[in-house]
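Right, one structure below, let's go through it.
Chain naming follows the written order as A, B, C and D, and within any one chain the residues start at number 1.
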Amino acid sequence: MTPQAALIFGTFAVGAVLVLIVGFYSLLSTRNLIRSIIALEVLTKSVTLLIILAGYTTAQQALAQSLAITLIVIEVAVMVVGVGLVLRIHSQTGSIDTNTVENIKG
Amino acid sequence: MSANVLDIALTVLLVAAAVWTVSTARMLRSVIGLAATSALLTAILFRLDSPLAAVFELSVCAGLIPAILVSAVGLTARMDDDALARRKRAKLKVFALLPVILAAAAWALVRLNVPLDFALPAAQGPGATVQTTLWNLRQADLVGQIAVLLAAAFGVVVLLKGKSQ
Amino acid sequence: MSPNLLLLAILVPAAAGVLALLMRGRAGAVSGPWALLATAANLGLGIFLFDKQADLNLPWAGFGLQFVLRLYQFSGFIVLATACFGLLVALYSIRFMAGRANRNQFYGWMLLSLAMVNGAVLANHLVVLLFFWEGLLGTLFAMIAIGRPGAWRTATKAFIIIGISDVCMMLGMALAGWQAHTLIISDIHLPLTTSVCTAAFVLLMIGAISKGGSMPFHSWIPDAAVDAPLPFMAFLPASLEKLLGIYWLARISLDLFELTPDAWVSPLMMIVGAATILLAVSMALVQKDYKRLLAYHAISQVGYMVLGIGTAVPLGIVGGLFHMLNNAIYKSGLFLTGGAVEHATGTTDLKQLGGLGRRMPVTFACFFILAASISGVPWTNGFFSKELIYDGALARHWIFYAAALLGSVLTAASFLKLGHAAYLGKPAENSDVKFDQVREAPPSMLLPIVILAAACLVFGLGNALPIDHLIAPAFAGTHFAAAEHGAAEHFAGWPESSMLVLMTCLALAAAIINHLLGAKRAGSGLGAVDHIHHAPGLAQIYDAAGKRYFDPYDIGMALAKVASRILWLIDRLIDGVVAGLTSGTARGAGYAVSAAHTGSYALYVVWSILGAAAVAAYMLMH
Amino acid sequence: MLDLFILAPLACLILINLPPVGSRRLALPLAMVLAGVQAIAVLCLPYMPRLDGPLTSFFNFGLQITPLGRMLLLAVGLVAFVSLLVGQASLGQDRRLWQFASMMLLAITGMNGAVLVSDLFSLYVFMEVLAVCSFILIAFNRDPLALEGAFKYVILSAVASVLMLGSLSLMLLVAGSTGFAALKAALAAGSASPLLKLAMAGFVCGLFIKGGLAPFHAWLPGAYSSAPAAVSVLLAGVGTKVSGLYALLRLAMDVLPPSAALGQAVMVVGAFSMVVGAVAALVQKDIKRLLAYSSISQMGYVVLAAGCFLADAGSADWRLVAAGELAMAGAIFHLFNHSVFKSLLFVNSAAVERQAGTTDMQLLGGLGSRMPVTGATSVIAALSTAGVPPLAGFWSKLVIILALWQSGMQAYALLAVAVSVATLGYLLLMQRRVFFGRTAPNLQGVREGSEGYVVAELILATVTVLVGLAFPLLMHLGSFLLPANLNL
């Protein structure tokens, strides 16, 4: 790896890791179910960046981009189902507080 | 060097947008923050010579997903603010820890002398474009995409259509 | 003879058993005769295989496992013996089980047990042995579970207790196989000098004696006696499992390991044996139920066998093996008399019985012979085997002899009590039993009892027959036979030491006197001692005695009762600690783990991240 | 040919949704036929002279079939069939059945795809297809607990995806490709690099979450116990096995370099799951939840064996290598056995739930006489789970324990034996509470479940008994059961 490439890689890798931390923090601390879905989105951003970065660094943008596109499609599907679940939970309990999903225990 | 300043600026903005997304009290702002994060990611993807992924990210993640989320927030509107918002306010401070984490990690990497350099694999030929790659090499992924989208469509029908029991 | 015929000994009863299991509903009526037919075929096979030699070796299941069977004198003998008992019990059960809803299951499991026992006896590979051994555990479980409605609990108890000892056995096999570099049983010859070998021996011994029903792995037997169908007791704990357990004990002592008097496991076995004799018999003494009393004797008698083999001298070992055979005969016979009584009166509670001797003369006569045999009355088979064991024990230390002799006294006393209470005297008052309607058991039930009682006399009077033809060949070829005692005739015939015979007679006399005295004090005491009774000063005392304040028998009984009670408590304590401690800890941990699942997904994410971090850190550090 | 495993369910899905042909009534039978045909087709696969057909020239999925894959495809066909049977018996109206059949077809697509692909990213894609279907299926009845269970699965599954994709990008950096073959070479060459170690650890941990291994497991009991009966059967039988365990075994054999450290880490997780699952199962009051924890415990065995394989594979001593391969064979076999007997137990619980109206063991009792087939098959399944001879579960556990012992990991072997005893304990406890003892007065009128349940139970019980009895035979047909590179 050339120093220039290493610098670019390092910068964005650090960014991706920070976004990852932010996403996990939000996932763990939020009390709003929709926000937990948003946290998952943030986590996915980080991962997308990492994959594209890997492709860029190894000069394989074609491969990395096709992976990223598939990843985005899956992300949408998961998010739609997640939001669907949250809406259903809301229509049944009238709440989207995380304590509405703490009934299965033991 | 100016290129690197741009890189760093984009990175910082990306992180800042993510922080704002997760720390703002209002759900609508949070969704907008997510869209902004996506837009910044798009810019970074362009910077990393990945225009197709960038366009995709922009249209789907900065367009479609926030639209869905906004409608979801709208449907659950009464829930978002007051009570939950008050709990959130203090949390912005936590993100001051991010630079500390960064510094600690850098120190650890240097201190432990972790070798980060590695041999890169040979690049593919210049002929490989996203379209050919996706169509010729990653057909299985395409089928998977179709299946997952179908599943999501059915999921909406199963989960949301009709009244709850 | 083709070695493949050995497979028949397993496949015939197994197939017959599976068929019997399928005879549900009305077809169940056929299951009895079917079982009789199958056990008869099995006996035919047993006779055919007896005194032959064969080795069967089939590839099995890959990775070097082989299905190896070996027929030689000893295993042939055990197969023959179990086949005999199988036939007798099947014959007996036809009447006893008639009309019961799950009789086809009883026969099915019984035949499967026979198949398992044949397999285990013939197995010449540790894994094959384990396979059949565990299979027997399954059929045992099933046979108890089809008993009374609450039998499930007992079945589970038996399953757990035996399961634990089987785990020990599994470990023992692993150790032995590791030390010997082979799992072929006939190729294993280990000296008992290293600690690993000794540990392997002890573990295997635990498996063997627990199959035999020795203490401390016995506590399911008395419960099973009450809960399970009665022929089961005659069949599994009294005969099949004893034969198998002691067979295996003999195999590990004689073949797999070279048990010598120097090895410390020898006194260990003798202590286990002596303790089993004494503890079990003193519990038997206070039982008020025909079947429970017999069940405790079933435990106590194992003590003699373990003691005999544990002596590690030829006399004792031959005695132990002979006693194994004898015990199977008289103990299953005794259980069958219990079944006959239950069949006739509907109960086995001694408080409700009495005076059955006149109504059931044949049963009583057989009981008399069988009880004499278990008590070691001269000229019965039990006498000869016990004398051999005494002789062996005395060769090691007099204390073991004393314990065994004391055990005999108590055995005799308890059988006098049992016989007296059930067959003699007057019918009990306030009994639910309609004594005028009590009839002798039907011929198909009597026949097995008579055969077994006759066998007691035949094997006693002609003890050379079993010793020379059944026991001694098994003994040949081991390190003992090579050493000093080549000739088997040495063991047969009247005991050499008249001192031992004298002591035995004295012991029996003591039991009889004790009984007579006790019965007298307990009974009316009318007539004979009136003048003393009414003597001044003594009257009050006798009055008190009349109220049984200091009746020696009752005091003795009370003391024995207390002792038994304490022993029983200790017994239960062990039970509780073994069962309670482990299950308690597991439960506690279970509740803790369960409580940790609070339902908060954030917590679950944290667990996952921490887990991933731990794995990653471990990877990075190595 | 192999493409059909992915394309046929999709084609069926389109067929049952076409307006003219799409009679909704035919949806479920069609899906059942498809699952049945799959099970039979897999059995025929080894005897096919060539696997490429006209479709292969048109499509280019890069599919590969391994013996492990065959095993899983068979399990998928079998369990999906049974799950559809149970679904038909429990879901009622046509519309629901049609939706259920559609989701099942998509789930089958996802599972078959995940089993057949030979590319790490495609594996992820199909796992995600299955996961999305699972979310929806769990919440299929839209009752609150099911929604909760599904939502937690969404979150934990997303965390797993992040771990896996993050690791994948690191691997991509080094290998330049996501194909198994290229990855294997690159990982072997750079196995000392901390980045790659991190990548391997991350990916494996993602699979642990998907497969429900302790301490990554906590979503699983909720998902299994709150899902509709038919879905529990599918999820417990093959769902999480394909997405987590299959991937782990496949990677261990075809991608990951032999590594003592990774092997040890995997074994610790496996042993931990074994113990935690068994211990937690001891105190459960709900049948389905007990079975879920039992699943965690049983998967611990598989992972333990896989770890043993990884740890031994790099050894210079050929005996250790052979022991590791034996462990892998045991893991594969146990995975299959577990699919069969655990789905059987879930079918039993479904029948009990349907007939008695509850799965709470405190309210049940004495159902054995009322529901003889359910009771009897449940005993068979429980004994097989606990590893009682001669049922299927005994053999697979025996192989695993033997392999551990031969690898010199006696402590793990003993632990496995001990957990086996605990397994027997809690399953017998369950049997006693549900099927034995006195029938509660309110359960007097309970009858055996409808044909759907009975047929499903009999099929699975027959398989578990036959596999147990014919085990020696199966071992000799090694080419079907075991990977060719494992020579025993």
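Quick note on the criterion: contacts are C-beta pairs under 8 Å (C-beta built on N, C-alpha and C of every residue); 3 or more make two chains touch, one makes a residue touch a chain.
All of these numbers come straight from a predicted model, not from anything done at the bench.
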Most distant chain from subunit D by Cα centroid: C
Higher-contact pair (C-beta pairs counted), A-B versus B-D: A-B
Cα-centroid distance, subunit B relative to subunit C, in whole angstrom: 73
Between subunit B and subunit A, distance of the C-alpha-averaged centres to the nearest whole Å: 6
Subunit B and subunit D: spacing of chain centres that average the CA atoms, whole Å: 32
Cα-centroid distance, subunit A relative to subunit D, in whole angstrom: 27
Contacts with two or more other chains, residues of subunit D listed in rising order: 121, 125, 128, 132, 135-136, 139, 142, 151-152, 155, 159, 173, 176-177, 194, 221-222, 284
Sites on subunit C at which at least two other chains make contact: 594, 597, 599, 601, 605, 609
Overlap residues in subunit A, where contacts from two or more other chains coincide: 23, 27, 29, 36, 53, 55, 57-58, 60, 63-64, 67, 70, 74, 77-78, 81, 85-86, 88, 92, 101-104, 106
Chain contact topology (line, ring, star, complete or other): other
Touching pairs among all chains present in the structure: A-B, A-C, A-D, B-D, C-D
Residues on subunit C engaged by subunit D in the complex (per definition of touch): 59-63, 131, 134-135, 138, 149, 152, 156, 159-160, 163-164, 167, 170-171, 174, 583, 586-587, 589-591, 593-594, 597, 599, 601, 603-605, 607-612, 615-616, 618-622
Footprint of subunit C on subunit A - complex, ascending: 24, 27-29, 36, 98, 101-106
In the complex, subunit C residues that touch subunit A: 594-595, 597-602, 605-606, 609
Interface residues, subunit B side, partner subunit D - complex: 114-116, 118-124, 136-141, 143-148, 150-152, 154-155, 157-159, 164-165
Contact footprint of subunit B on subunit A as seen in their complex: 1, 6-8, 11-12, 14-15, 17-19, 21-23, 25-26, 29-32, 34-35, 37-39, 41-42, 45, 48-49, 52-53, 55-70, 72-81, 83-88, 90-92, 95-97
